[in-house]
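Per-chain numbering from 1; labels A, B, C and D assigned in written order.
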Amino acid sequence: MEIGFIGLGNMGGPMAANLLKAGHSLTVFDVSKPALQAAVDAGARTAVSPREAARESEVVITMLPAAAHVRAVYLNDDGVLAGVRPGVPLVDSSTIDPATARLIGESAAKQGNPFADAPVSGGTGGAQAGTLTFMVGAETVLFETLRPVLASMGKNMVQCGETGTGQIAKICNNLLLGISMIGVAEAMKLGTSLGIDPNKLAGIINTSTGRCWSADTCNPYPNVLPNAPSSRGYTGGFGADLMLKDLGLAVDAARQVKQPILLGALAQQLYQSMSMQGLGGLDFSAIIKLYSNEDA
Amino acid sequence: MEIGFIGLGNMGGPMAANLLKAGHSLTVFDVSKPALQAAVDAGARTAVSPREAARESEVVITMLPAAAHVRAVYLNDDGVLAGVRPGVPLVDSSTIDPATARLIGESAAKQGNPFADAPVSGGTGGAQAGTLTFMVGAETVLFETLRPVLASMGKNMVQCGETGTGQIAKICNNLLLGISMIGVAEAMKLGTSLGIDPNKLAGIINTSTGRCWSADTCNPYPNVLPNAPSSRGYTGGFGADLMLKDLGLAVDAARQVKQPILLGALAQQLYQSMSMQGLGGLDFSAIIKLYSNEDA
Amino acid sequence: MEIGFIGLGNMGGPMAANLLKAGHSLTVFDVSKPALQAAVDAGARTAVSPREAARESEVVITMLPAAAHVRAVYLNDDGVLAGVRPGVPLVDSSTIDPATARLIGESAAKQGNPFADAPVSGGTGGAQAGTLTFMVGAETVLFETLRPVLASMGKNMVQCGETGTGQIAKICNNLLLGISMIGVAEAMKLGTSLGIDPNKLAGIINTSTGRCWSADTCNPYPNVLPNAPSSRGYTGGFGADLMLKDLGLAVDAARQVKQPILLGALAQQLYQSMSMQGLGGLDFSAIIKLYSNEDA
Amino acid sequence: MEIGFIGLGNMGGPMAANLLKAGHSLTVFDVSKPALQAAVDAGARTAVSPREAARESEVVITMLPAAAHVRAVYLNDDGVLAGVRPGVPLVDSSTIDPATARLIGESAAKQGNPFADAPVSGGTGGAQAGTLTFMVGAETVLFETLRPVLASMGKNMVQCGETGTGQIAKICNNLLLGISMIGVAEAMKLGTSLGIDPNKLAGIINTSTGRCWSADTCNPYPNVLPNAPSSRGYTGGFGADLMLKDLGLAVDAARQVKQPILLGALAQQLYQSMSMQGLGGLDFSAIIKLYSNEDA
């Protein structure tokens, strides 16, 4: 397929590469020259604007840092909507607020382009390995149209509902994730301070009602899980500053619907404390460092 | 075996009944006459004091509401330690603070009785069905001695370490559980307020990094899981006031070792809000009601 | 003086009226016809746009609901900056984020107009009585130029520093206010639940280290202070939804500078709980209702 | 008067010295030999037990670290109640939970001794200068009897109500104090991070609705108030570990009456974080250090 791809960062770059590997033809755009060059080296053509990247494409995919970029890339005079042909489906895999996703979706619908929000989980590792999960806000026909394209970049495609629900699903999952990681950190630190062996405690939690991904797959206590970021200096996982961004989206969305999220708001501030202390680049499980006097 | 059993409440009663069913001989004590009568009807002998219940026993098991009762039952003039023969193992399955467990253990050791703290999870349902999990603070020889007895009342026996670690394991697991349940409540309420279908959202969480027992087995949003307490008016699970008690133990234990537990302390106050509103008798997943203007 | 005044709501309306009473000549703009008519009745001329309101004025004052309105009123094609003569000072008394205030200030400076952010405290009562406090982000020359104009609407003019510091001062004061009111609510409810007379307790707090405006001037416990909103059904003070808005500004500003505000973020969520329960129109001291099973 | 005085620590020592200076005759008891010797040097007689200290006294005063000590000193076989003559009034100035105060009061009443709980504020400085504030749980006759004695040690005697209300008043005041200090820390750090001068900000807060003792008398931001602990390295004020103890009493008391205190519980954990980091000996205003990457 002819695919327009905009946004070639840490996530978008490997996603585009996987599309090329799968045999698709890509026209790409990014503001970074080196990122563009890497895509060209992998077989892509470049465009001078999102509009041009969209012009000849049969599907357009965007992967951008924040809502402001998404608005600009779709709605500006040289943006996607100004260039794309009617009927061509559009997919935004950025993680942004649901209201902006709906806004883009409405603007696209007015000119006859179906739009899906499809944020991902799996991180840069999943982007490179092509094992991302896509949470897709799209009606069934659009979802089925997009599925084979997304399958070149991920292995799970979940249909969440109408436009915006992909973002809602991601925000809510990560709200829970950010909370449960801190819960595991508190439980592990309290237990070991009281005198239980961390491996014993983790083993019990993982077979009891406290079990969760943050405990059995990404336990923040060092050397409980050999392959977890906590056992390699909290490198290479899901960065605390990204969690902080997602909790910010949750707090903002909660404000719009007057829905209190008490633990969520406190969790946001704790990751902000990490960031203030210069730890924002570590895996978010390093939140456990807030609970120690020395390095955990 | 000849077993002394003290404490025949909602948990202790069915536990004693399962021991009798397994063919053991029981001498029981409780301050409640009806509870004693029920045990007699099931085949037990009664004693007039913990001391007498312990006198002829080959193992003594206690299941009591709080630390004050445990201290009295073991240490008073008519208590277990005053009656039990040297060498007889003692097991306390109450949920109490680790420091009291260690105190009882030291007093027992002085007179030659090995002591294990062995709090349970599984609730009254597990007590009746004989499917409890025992978290056992005991050295290996004692643990292996007790295992066949405990096997009449439960199906999982986890060795946690030295005396007190059973309590630590339970407190820390339930600290995490109390937090993660609120996390699920916030995520489910935020998501549905924003417009996603609750079943869709639960499905995504349960296959993503937010997955946890509170979401996939006891989801607080009504009718997401047909067999969860939330789908039957929040009846019949783990009472919010029991969660409140366990979080109180966690906050107290944290104070003793100067270990902050920020989300845990806030979670305690939220269950206390439930209790203030008269909802303490509901399953603890009814915490989601704090996040609604109407009944969830 | 010839004054352009834009924004005639609950605050701006009476502020404009006080300027007219003081003998100034006003050209006003608002999107609300009734608000414009009230200003005309009080002696003002009307304009069809912010640009026109600014064109003949010697000073321009704006009083708007939120940052989006401020950006539009100053920066749009028919906005203040498009109409105002060089050198004319501009004053924005809206409560908005400091970054937007700085942005407007920079845009104004480029075309030779000094700009001050001057948010107020004192509420609608202070606006009507002409007793507002202005927190002014302005260098000394500009501050002294504006002082006599502001004196027609308020009685305290505080110079806070450069552009944006007026907003910072207001946001930080209200952050503390929002927290301390909840602190007073918790202290008063805990004390009376434990059995002390509320008047005794308030008397002690007000002469001790707990003393604060929220306790000695606006105590949330009913009938402790006869003139406080709590003694007249929580009507007529500073609305909880306005406090919620200001705490939202604080949380947003904190995020921009990676400065954690843990109690502040939790306070925001508690006022959001009030709002969810339909109590957002009451005085913010009604937060004490969250701490009761019945109406406080 | 003949006064029995038990507990000669950092607070009790100077309080006893002030009673001696005022011409009273003291019989003292403490477990510390050096503390006893200091009292002897100042003119006191010593006793070998609380019972003996109470035997000849016309009033008995106790100043002890915690409830366990108070129970032992009053109720043990060699305690105050075993020695004191009927009708002699008893005063406990320790800071403890209200329930223990009531328990002691009831035991004393049974044998004809009126009992008042009279915790103090003012710290070691106030104890030395004789300027303490006494919060007294006592009926009017007892209060008037004690007033002249207390006047030798303090300058404010506040009658709070029946037995236990002195403790309630102190706990609730300090609950609010612990919260408002963190509120001031968050407001000052947010404001200065955003770019306002700390002295400007403090000046505005202190004349606005955010005003409170923690801002205008003990501001945690260094060098805003020359005489505050924050301007001398956080030495010499009210220690963070003492605030932590008082918040612990508040959380415990709240649990007993099922009264949630959300900000209070979070505040407790934040002071516990200070303590974990080895800062518990500093003035409690050093909580602001949690909000900085470097030393504040």
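We adopt the following convention: a contact is a pair of C-beta atoms (placed from the backbone, for glycine too) under 8 Å apart; a residue touches a chain by one contact, two chains touch by 3 or more.
Here is each chain with its UniProt name: A, B, C, D = 3-hydroxyisobutyrate dehydrogenase.
All values reported here derive from a predicted model rather than from experimental measurement.
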item: Most distant chain from chain A by Cα centroid; value: D
item: For chain A paired with chain C, centre-to-centre distance based on mean C-alpha positions, whole Å; value: 37
item: Chain centre separation (chain A, chain D; CA means) in Å; value: 52
item: Approximate Å spacing (C-alpha centroids) for the pair chain C, chain D; value: 39
item: Residues within chain B bordering two or more other chains; value: 254, 259-262, 266, 270, 273, 276, 291
item: Chain contact topology (line, ring, star, complete or other); value: complete
item: Residues of chain C that touch chain A when the two form their complex; value: 248, 251, 254-255, 258-262, 265-266, 268-270, 272-273, 275-276, 280
item: Residues of chain C that touch chain B when the two form their complex; value: 262, 266, 273, 276-278, 290-293
item: Interface residues, chain C side, partner chain D - complex; value: 98, 121, 133, 135, 156, 158, 160-162, 164-165, 168-169, 171-177, 179-180, 182-184, 186-191, 193-197, 200-201, 203-205, 207-215, 217-218, 250, 253-254, 257, 259-264, 266-267, 270, 291
